[in-house]
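The two complexes that follow have chain A in common; it is paired with chain B in the first and with chain C in the second.
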Partner chain A sequence: MGASNSPLALPLAAVFTVCFVAPLFVLLVLSLHGDVAMTNWSLLNYLSFFTDRFSYSILIDTLLLGVKATLVCFIFGFPVAWLSARVNARWQSILLFLVILPILTSVVVRTFSWIVILGRYGVLNQIALGLGLVSEPLRLLYTETGVVMVLAQVQMPLMVLPILSVLSKQDPNLADASRALGAGEWRTLWKITLPLAIPGIVAGCILTYAASVTAFVTQSLIGGARLIYMPLDIYQQAVGANNWPYAAALSIIFMVSVMAVVAILNAVGRRSETHGRA
Partner chain B sequence: MAGHSKVPWDSVSINAVFGLLSAVALLFLVAPTLIVLITSFTASESLRFPPAGLSLRWYAALIDADQMQRAAWNSLVVAFWTTMISVVLGTAASLAIARSRAPLMRAADLLFMSPLLLPALAFGFAALIFINKLGFSPSIPLLVLGHVIVCVPFVLRTTLASLSQLDPGLLEASESLGAPQWMTFWRVTLPLISSGVGAGAFLAFVASFDNVPVSLFLADERSEMLPIHLWQQIETNLDVRTAAASGVIVIGTLILMVLAEKFAGLTRQMR
Partner chain C sequence: MKLTIDRRQLMQSAGILGLAMGAPRLALGEEKTLVAATFPGTWSEADRNVLLPAFKKKTGATVTQSIILGTDQVSRLVAAKGNKPPFDVAFFDAPQVIDAVREGLIVEYPVAKSPNFKELLPSAQDKWGPKITMQVIGIGYNPTKITTPPTSWDDLLDPKYKGRVGLTALNSQLGIAFLVEVNRVKGGTDENFDPAFKYLAQLLPNVGAIAANLGAYATLWQQEQVDIAPYNFNFVQTLKAKDVPVELSIPSSGAVGWSTSLHLVANAAEPDLAVQYIDLHLDAAIQEQLMKSPYDAIPTNAHVKLEGGITKTLAKSQDDLAKIRTIDWEKINPQRGALIDRFNREIKL
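Our next item is the complex of A and B:
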């Protein structure tokens, strides 16, 4: 292997240049024009986005939605990864199978099953009513709480797998040494396991975040027509309003924002890694 | 000293907290799939859970659902070609990228993986604008190309992972015994990375079959895709046939997953 193999990347590189880089470039160029024919250059699309409170609040809502879904995912996903790293091989593959199952079941199907669960007469409300926790059905469908819940479930495997991968490569002697020196379980978790797992946690958060903010199907079905996030906004502007230049500008703004958040998460991860080593 | 009490509260509490959180997480992971599966066998017209009675009537109703069947067929055809092209291009590219420290190859790796992080809907829209500017209109072959872009990262990831575990000594041995490069690839490399390629192919197939954001823009009027058909069904008239179709998808995925686990060690590959 070595340099002699590099030509093998050429076919895929060619496909990516034509089918990925070129379309994104045209998207950028179109967003800088006032009309689809691309006759006059203008920054009007961007100006109208950033001066309209309603437009940029959709972006902020979307970016925050990703933060909320990622947090919930981490709170529940880390324990699953931690547990999976500790059990024996047989249990580990059963747990992994259960974790992977949802990501491989169609997103539309998964979202649909949540409608059955979250609906006014859904499973969750039946349980809550039956136990006397609430006196009338809770409104979960078409609320942001519902969207966050479903996103956290749908994207959970993306959080668990990278964390599990670093946890299972950790030298168990480190945690043993920490305990032998008198540190309790919680202290060992906080001082040894968690800092060493940061690369996996950052990778999991990046994947979960990127998937949550762009989860068009889940956002539109659980959020309904009134909760608008960026993907639905782009779709409505492109297909509904047929305003391609503005939809192109929205797409560029959205992509740049997501990349910026990913870059920040990456930087945070790298900083805490070097900090942990020092 | 009181330091050594009989009950190690510290260890009990961490196991209790993490065990509880994991149990809730696993319940939430599995329950929705189970609930939709059980609901699909309902005898009534509503999507209530638990179902009032059990029957196969909604599965029988699928036999007459021509539109849904056509959509399912379209999705299978697209997923098949997407997987084929992704596997060939992705495996070739992995051989080039693996172990290469050349900056150009690092950049290529980053580029090929970027569809995983970029909003797919924005890419789908960009592709529509692009083919529109070129004077084409949406069609199945163009849709397949669009799917390849978002599915190839899965093949790359699993294939690169198994290539990194490949012992370079084996390749040197094969070469020193006079085997030409293609024979080394065919007889040594490929059999050793086949499970990685297989797992990647499975993931690419599922990702393509399930894709909404790219199909939304690139599928032409006549060729509706199954996830989009179901999505529109759910948005407009929620009927139990959707649950039955979901049931078919869940069972199909489960069978594929068990096969992928058996032949490619899927759960090992995903770590």
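Our next item is the complex of A and C:
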């Protein structure tokens, strides 16, 4: 984009400054106050967070939750994207529609329907009991396994769409050449398709990860209050305990941590890209 | 044909568009809109179905509901300090009133402008805003699973309820009231919560789920994920009206509750309408309607005779209602943050 286009970006920049940068600045200032009345400046909130095992273990749990959800999402999402890229146009639009379908309903509705599926007398348990796989209902709701399952489904479009866009741009001749040179389907997938899809995979992982760790509704409805993740912690500190400065500090710490993870993913993506070209 | 739009034309069109958008307001200049806060769930429905039509009939004004919890209302009013508040009427549980008065978020209720105020029970005539109802907690249970109604908070500790007990996080009013009451029963004081936390530690093996919010808590009952748990009279009535198998039992240690009240927000855009709205909430005929299922709101107007679900579970008369124990929020409020924190630490998986 040339510099001549930059005035076009001004309205967006203005909106960003007013609606995003300014509030972030307020948040930062808020977090640097040591008391609830906000009279003195201090780093107390940050200090107490990093010196308290309970507090930082919530952060670690949240960041790990994102990794688990992203992995599950990738394992299920990649084949869907791969399949969508290879079928004919009609099937592709059907698959695409199925992938996008979850976005068309509210996240609250989707999450509540998962409560019905995962519950003690839910669909999943009825099937497992009916098939005689288990003798008493499994505990899925209010467990991390349940949260990971739901997050993976709810965020699936964010994983599938970027991968699909990269895969569908891949030159089919590459796969043909690989086959002509004697490589089987798996080897072609592993040596050709997957490495070339890395930019899409990284983009998908970043989106899924960022959406999973911040998914307040899903985390709190499926996980309950016993599994505490950062969004719930921030909400409780701000609204339940009315401790805005500490909640602000939590938000800043959380944001920086997620940004760090995203930066790492980005770096990994770039590196493999340059490797691929070399 | 070439379409060219110069700046002047653009501004003219924009101006006309702006006028057109503003026009409905100009044309209906007589009609005013009041923004009133209300709680999610039963209360927003009760207000929408009973209050709003009556208010429209009486004043000709419309009401926009702002459906948020009391604690969130305080947060929003604090955030809007110095500007126009986001709503004119606040809907608080007892503990928020203390915070709101301290922060200067509400003004004293203009009693002289509210004819129904003097019909209220003396205990409901608060100078910061009239109490319109009371919330009472007890032990909720699933009558299809538990045939003998529980009579004590200790019943929740029974090993036969392993994994079947529900709890809610302490950011809800229900959670904190439960903790305070159990603490009292177990010999604690408002300064010492060790007995309550000792009880919680004993209870944990039985706890199957701790809901993060009251919406999720209701789902626990609908999905029969829990059989026994502390619950609120009005929520039980709402679920019962939806054929969810749940009953409320008041333990022998007594009922505990807190008042819910309406307040005129400081610098409200429509103060007169706000007072008329609050006054209507105090009207005997309105409170009688609100006492019917599925709302089952406990009345505060002395002229309303108790009937329905209230008399079955809670109280035969206003005297019985007066005996319901209340909580000293002046003492509890400052500890809320510390209690939430301690609760989170001790219950985390």
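Methods note: the second predicted complex is superposed on the first by the 269 of 278 C-alpha atoms of A that agree within 3 Å, B and C clash if a C-alpha of one lies under 4 Å from a C-alpha of the other, contacts with A are read in each partner's own complex, and residues count from 1 in each chain.
Note that a residue touches a chain if its C-beta (ideal position, glycine included) is under 8 Å from a C-beta of that chain, and two chains touch if they have at least 3 such contacts.
Just so you know, these numbers come straight off a predicted model, no measurement behind them.
Applying the stated clash criterion after superposition on chain A shows that chain B and chain C collide. Legend: residue contacts after superposition of the two complexes on their common chain; A:L141 is shown touching chain C, with no touch to chain B. When both complexes are overlaid on chain A, the residue A:V116 reaches chain B and chain C alike. Looking at the superposed arrangement, the partner reaching more residues of chain A, out of chain B and chain C, is B.
When the two structures are aligned on the shared chain, A:F54 is found in touch with chain C, with no touch to chain B. Residue contacts after overlaying the shared chain place A:G130 against neither chain B nor chain C. Once the two complexes are overlaid on the shared chain, A:W82 sits against chain B while remaining clear of chain C. In the superposition on chain A, A:G240 makes contact with chain C only, not with chain B. Looking at the shared chain after the overlay, A:R226 reaches chain C, while chain B stays out of its contact range. In the superposed model, A:S93 makes contact with chain B only, not with chain C. Among 20-28, 200-208, 218-226 or 254-262, the region of chain B with C-alpha atoms clashing against chain C is 218-226.
Overlap of the chain B and chain C contact sets on chain A: residues 112, 115-116, 119, 121-122, 220-221, 235, 238.
In the complex of the two chains, the chain C residues touching chain A come out as 69, 71-72, 74-75, 99, 163, 167-171, 207-213, 215-216, 219, 223-225, 336-337, 340-341, 344-345, 347-349.
The part of chain B that touches chain A in the complex is made up of residues 10-11, 13-14, 17-19, 21-22, 24-26, 28-33, 35-36, 39, 47-49, 89-90, 92-93, 95-100, 102, 104-105, 108, 111-112, 115-123, 125-130, 133, 145-146, 148-149, 152, 168, 171, 203, 206, 209-210, 212-213, 216-217, 227, 230-231, 234-235, 238, 242-243, 246, 249-250, 253-254, 257, 261, 266-268, 270-271. Contact residues on chain A toward chain C in their complex (touch as defined above): 54, 112, 115-116, 119-122, 139, 141-142, 220-221, 223-228, 232-233, 235-243. The touching residues of chain A, counted against chain B in their complex, run 1-3, 5-9, 11-13, 15-16, 19-24, 26-27, 30, 75-77, 79-80, 82-83, 93, 95-102, 104-117, 119, 121-123, 126, 152-153, 156, 161, 164-165, 168, 184-186, 189, 206-207, 210, 213-214, 216-217, 220-221, 230-231, 234-235, 238, 244, 247-248, 251-252, 254-255, 258-259, 262.
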